[in-house]
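Two complexes follow with subunit A in common, the first pairing it with subunit B and the second with subunit C.
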Partner chain A sequence: MKKNKTMIAVFLTPAVLMFVLVFLYPILRTILMSFFKIEGITDSMTKWQFTGFANYSKLASTSLFRISMWNLFRIWLIGGLVVMSLALLFAVILTSGIRFKSFFKAMIYLPNVVSAVALATMWLQYVYSPKFGLLKNVFSAMGLKYLSKVQWLDNDHKFMALLVAYCFGMVGYHMLIFASGIERIGEDYYEAATLDGANKVNQFRYITLPLLKGVFKTNITMWSVTSVGFFVWSQLFSTVTADTQTITPMVYMYMMIFGAGNSMTERNAGLGAAIGVLLSICVVAVFLLCNKLIKEDDLEF
Partner chain B sequence: MKRRFMGIMLSAVMAAGLLAGCAGGASTATTAETTAGGAATDAPKETAAGGGEGLIYWSMWEATEPQGQAIQMAIDKFTADTGVKVDVQFKGRTGIREGLQPALDAGTNIDLFDEDIDRVNTTWGQYLMDLEDLVKTSGYEANANAGLIKACREVGEGTLKSIPYQPNVFAFFYNQTIFDEAGIKEVPKTWEELDAACQKIKDAGYTPITCDDAYITSMFGYHMSRLLGEQGTEAVVKEGKWDDPAVLKTAQAYEDFAQKGYFSETIASNVWPAGQNQELAMGTAAMYLNGSWLPNEVKDMAGEDFKWGCFSYPALDGGKDGTNASNYGAQVLAINKNTKNGENAFKLIEYITQGEFDKKMSEMSMGIPADSRNAEWPAQLASVKPVMESLSVRYPWAAGAEANADLTPIIKENFMKLCGGSITATGFVDALKAAGK
Partner chain C sequence: MAKKRGFMEPFNWKRELRLFPGYLLLSVWILFTIVLLGWVVAASFSTTKAIFSGHVLSQGIHFENYAKAWNNSNVSAIFFNSLMYSVISCTLLVLICAPAAYVLSRFRFAGNKMIQTSLVSAMGVPVVMIVLPLFSLIAGMNVLNNYIANKAVLIFLYVGINVPYTTIFLLTFFANISRAYEEAAAIDGCPPMRAFWLIMFPMAQSGIITVTIFNFINIWNEYFISLIFANSDRVRPVAVGLYSMINSMKYTGDWSGMFASVIIVFLPTFILYIFLSEKIIAGITGGGVKG
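Showing the complex of A and B:
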């Protein structure tokens, strides 16, 4: 086929232009911003003050930022393990030919449809309430006095309370991705395995899991990206002023760019940009690690 | 191999998306605002036929809030009287906080906007028109609240750049019925009197004081500022002077109250609005250090027969500040210095902040009127009037306790633990010292 260079250029230009404008320019600008002290996020470049790596070293020495990174890591790791395990479990059950499959699928996915604000209010003001909360009532009914008196939203329990509420909503989403991955695996493999005498557990271990490697990678990357952007739930669990148990780098970034709480605090969009750069590096690192650890090239089906 | 390449490309794009979220957030906002502004710039052309210039007004309220509704009524009347159309955009709190500055920087056509007195005058100070001449020619000040106008001049670096409305004051709000039942005749003016009142309330079977995570740093800030003055408190939180004896003294006062059982049992876990809704409004707790917007926020739960009382944070022995110091302020309206419609914008401000619609807003939002001719305050706020009038020293938010964004969450965490009784006063001081390192 004869290549028409003009046509290639014509078709590519809009896409390239859009990419440069919408992705490349903001990225380069953000990286550049992270080396400056900038009060207002839209200040013109003439107002920027070059500070070198000062923003990065300030982040490293700020205990609140370190706390926020620690929280993010806990959300990513603990939340990730819980959500992935439950999502996989539900996906396997749902694809195993049970009755009312669509109904259960819809039920588990439902929290994704409900607004986070409504969900968080339910958890905060009802489920965890130490006065008339669901947990309090359930534990009292079971006669577990100690547990019924726990204040789920005090400093010692707030992180777990947040994590449970958040994971509750996330399972459905990852379950769907797993389920579609499992449905892609041909029935023949399972039939053959059944004939050979493999039980369900073995089928899962030797057929489903290996063939789901790619899906795992997708899920972990998606989970990492959404975790890094953890913001709304943190805000809902600590309105107005941030909380040491719920603060994440994104919340810290917001505080630095738009000011914290009701006070007029110092703003520095450069610091916010530095956080953005650090978080991006985290996501890329997780992805590269996933690529290294989970190899899917050896199987084709 | 191809797959891996695709994978790496995908991850790069994802990371790019994340980065774009940072800088791009602003740029998309700007584009959106510019378009909004662009659409809005057509408005004056339409209204030019009506005999005047159109106005574009960005408001911090939601259209459904009482304040937003009162503003809409004022605008309708203004347009009917003058023929000047107003394109009012109710942005909400976060909308205006995130969007206004990028929009102004992008040259969006916004004639006037409103927000909190401090944010407008400090964060957005560079965009404000000096209003001294307009105020002088219109004689606006004759009926305005002198204290608030003075506060506006103070934060406006000596000149008036904003007009206050919806005044508010930060103080202890209490349930008068519980006070009566406990036999408390007078509001506490000193810490000892507050102690005695709490004991009586506790004996009567109620929780003396409750709070929520959103406001609890204020208790720390007010106590510190009563002892050191607001500047002193700010110095402590900004420069990490946690060795200052006032910090331990404050912590000890609260440790003492916690030990005496004056705080709500759930104070360490109250996430706003649990304390104000489930305890104060429900009549199980007596006092809450909060702003004068509180009665409006809980009116549906508290009911019409709820009798509100109010007193300024008590004075302390040997302290620098007395009960005449507190955070008081207002929302303010300001005019963009680049506007061509300054006079019309100011006229609209007069409609909103004085006379009929100031009264309407006060009634509808259960708020304090800004016009001194509207002498009648909503019944629920009757007890706030003497407090407001007694104030002469103005604190910023939380009396300076939240001046250091890096420390606020740590102060909050430890102060909640202190009030909940899980740490001691020295534990509180140690935790903050450690956080500063």
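Showing the complex of A and C:
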């Protein structure tokens, strides 16, 4: 085994080095930064002023930041419920023995490989367009005059419009995870259940769902990780800087640190770092909560 | 559920009728996707006037929208930038991560478990958590004003951010290859490092291809990092370039050009997907946990 030591070192060093440079060091420094007031982001550490938890309490009392957290929470919760239900429903349909299964799968996953900027533009400029939009045409063809006149991108509807467009793109990925989970469940379970006279609904309730616990955990964790980084869609759907309908913490951080417009009076990189720490805590909290609430029994299947 | 079906199962009316609601639901969803994409493709070939009249293509097919977008509005520049970033980053990622994944999957040594755990947790770290120190480090080195250095910085970041996912993905592939191959190579006197590149690396090919497709799509579509670190039009990749282009085209009123640009950005990953969708879908549900 001695000869392998050099091999381990040589093969591992580049990856570990990249990990340290791009993840470990920045994470530690972000945590540190969140306790300081830092006027310029490139300031050396000697210019940092230690302020304890002041950055966090400042964020908590900033109404725009609170709005952005509320928006994120709504995206996470409402979007999560919608996406998970649709994804599970599609996964069940796909595994129920229908034809053209791989075609359906591929088509539903398709939006996931498209650039979010391109996809959001299609929704904004086509589906929601008040002049030649898909929704307008469909609703007026159905004779629903009121609905065809709705301005989907005005302040009252913008958030929902954003959420619908975002969810449409996310369903495919979570559907694939559910579908592979269902496919791993042995067929004998269902055969035995059918022989015992259980109908499809009960089979779903008492076989599929309990055996999908681990898959649910994966899906919820992944959904939380992607939600926290909610940025592109928000930027594309907002018409003014600091749009209260669409702002998310990441957009807030971006505006504050990398300055878009002059809606922010105070420049403090420490605040930005505190936002990063808060969002990371959210992800970890969801992860721990999932592990606590969804107990995976040691079922062999 | 989870029923394995033969390819040529005879058509069974009763069965298909029972599945009808499922077919209907999926078809409606897919129909919407097709209408969405189809209309944008049609609009990209129409004049702006035709788009606004509500009848795309009513004034004939206009290929010149693409020529105009490609030549006048920077699309060719951002396109080749992204192509370069994606190809170089994907290559580097494989060269860095495949050896690491192999060593982690094969040898027991102090810290192995810890490295694996760190890499898995890194996949859940939000970008906001790492972007500020990276920016202060890189901006502090004063390299963002030089466009070649700026490109190198972007590639470095694309590689770094995807190292955890790529390594973890490849780990399972190497773990599944029998040790007998290395043992045979060692008996024949082949040193272990050479044995890796000559024997193990080619054997993990299918995993390497799958993870490269994912990395390519991710890097091609990457937005936030590029927005912060790409300092000029000259170095911008497609996602960020498209965003600024869309904004300016809204003011100039060139809607057909805008849709043409959207399609140009959309096309590479779409074509990749048409040919490789089976592999991509198998990759998501098989090895990795990230799309």
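In this section, the second predicted complex is superposed on the first by the 266 of 301 C-alpha atoms of A that agree within 3 Å, B and C clash if a C-alpha of one lies under 4 Å from a C-alpha of the other, contacts with A are read in each partner's own complex, and residues count from 1 in each chain.
Everything below uses one rule, namely that a contact is a pair of C-beta atoms (placed from the backbone, for glycine too) under 8 Å apart; a residue touches a chain by one contact, two chains touch by 3 or more.
Only a predicted model underlies this, so the values are computations on that prediction, with no experimental measurement involved.
**Student:** With subunit A superposed, do subunit B and subunit C clash or fit?
**Tutor:** Once subunit A is superposed (C-alpha atoms), there is a clash between subunit B and subunit C.
**Student:** Name the contact category of A:118: first (subunit B only), second (subunit C only), both, or neither.
**Tutor:** After superposition on chain A, A:118 lies in contact with subunit C alone.
**Student:** Would you check which partner chain A:160 touches, where first means subunit B only, second means subunit C only, and both and neither mean what they say?
**Tutor:** neither
**Student:** When the two structures are overlaid on chain A, which partner does A:4 contact: first (subunit B), second (subunit C), both, or neither?
**Tutor:** second
**Student:** Counting only touches as set out at the top, which of subunit B and subunit C does A:209 meet: first, second, both, neither?
**Tutor:** neither
**Student:** With both complexes superposed on chain A, which partner does A:239 reach: first (subunit B), second (subunit C), both or neither?
**Tutor:** first
**Student:** Looking at the overlay, does A:289 come into contact with subunit B only (first), subunit C only (second), both, or neither?
**Tutor:** So A:289 meets neither subunit B nor subunit C here.
**Student:** Is A:45 in contact with subunit B, with subunit C, with both, or with neither (first, second, both, neither)?
**Tutor:** After superposing on A, A:45 lies clear of both subunit B and subunit C.
**Student:** Quick one: is A:89 in contact with subunit B, with subunit C, with both, or with neither? Answer first, second, both or neither.
**Tutor:** second
**Student:** Would you mind checking which one, subunit B or subunit C, touches more residues on subunit A?
**Tutor:** Comparing subunit B with subunit C, the partner touching more subunit A residues is C.
**Student:** So, A:77: does it touch subunit B (first), subunit C (second), both, or neither?
**Tutor:** A:77 contacts neither subunit B nor subunit C.
**Student:** Can you check which stretch of subunit C gets into subunit B in the overlay, out of 81-89, 135-143, 189-197 or 261-269?
**Tutor:** The segment of subunit C occupying space taken by subunit B is 135-143.
**Student:** Considering only the contact definition stated at the top, list the common interface residues of subunit A for subunit B and subunit C.
**Tutor:** The answer is residues 22-24, 26-27, 29-30, 33, 41-43, 125, 131, 221, 225, 228-229, 253, 258, 269, 272-273, 275-277, 279-280, 283, 287 of subunit A.
**Student:** Within their complex, state which residues of subunit A touch subunit C.
**Tutor:** Listed in rising order, the residues are 1, 3-4, 7-8, 10-12, 14-16, 18-19, 21-27, 29-30, 33, 41-43, 89-90, 92-99, 102, 104-118, 121-123, 125-127, 131-132, 134, 137, 173, 176-177, 179-180, 182-183, 185-187, 190, 200, 203-204, 208, 218, 221-222, 225, 228-229, 231-232, 235-236, 249-250, 253-254, 257-258, 269, 272-273, 275-277, 279-280, 283, 287.
**Student:** Name, in rising order, each residue of subunit A that touches subunit B in their complex.
**Tutor:** These residues of subunit A touch subunit B: 22-24, 26-27, 29-31, 33, 40-44, 62-65, 67, 124-125, 129-131, 151-155, 157-158, 217, 221, 225, 228-229, 237-245, 247, 253, 255-256, 258-267, 269, 272-273, 275-277, 279-281, 283-284, 287-288, 291, 296-297.
**Student:** How about subunit C: which of its residues touch subunit A in the complex?
**Tutor:** 1-5, 15-16, 19, 22-23, 25-26, 29-30, 33-37, 39-40, 43, 51-54, 95-97, 99-100, 102-104, 107, 109, 115, 118-119, 122-136, 139-140, 157, 159-161, 163-164, 167, 192-193, 196, 217, 220-221, 223-224, 227-228, 238-239, 242-243, 246, 255, 258-259, 262, 265-266, 269-270, 272-273, 277-278, 280-281, 284-286, 289-291
**Student:** Help me check something: in the complex, which residues belonging to subunit B touch subunit A?
**Tutor:** Interface residues on subunit B, with respect to subunit A: 3-4, 7-8, 10-24, 26-27, 30, 97-98, 101-102, 105-106, 116, 118-119, 122-123, 213-215, 217, 265-266, 268-272, 274, 277-278, 396-398, 402-410, 412-413, 416-417, 420, 422, 435, 437.
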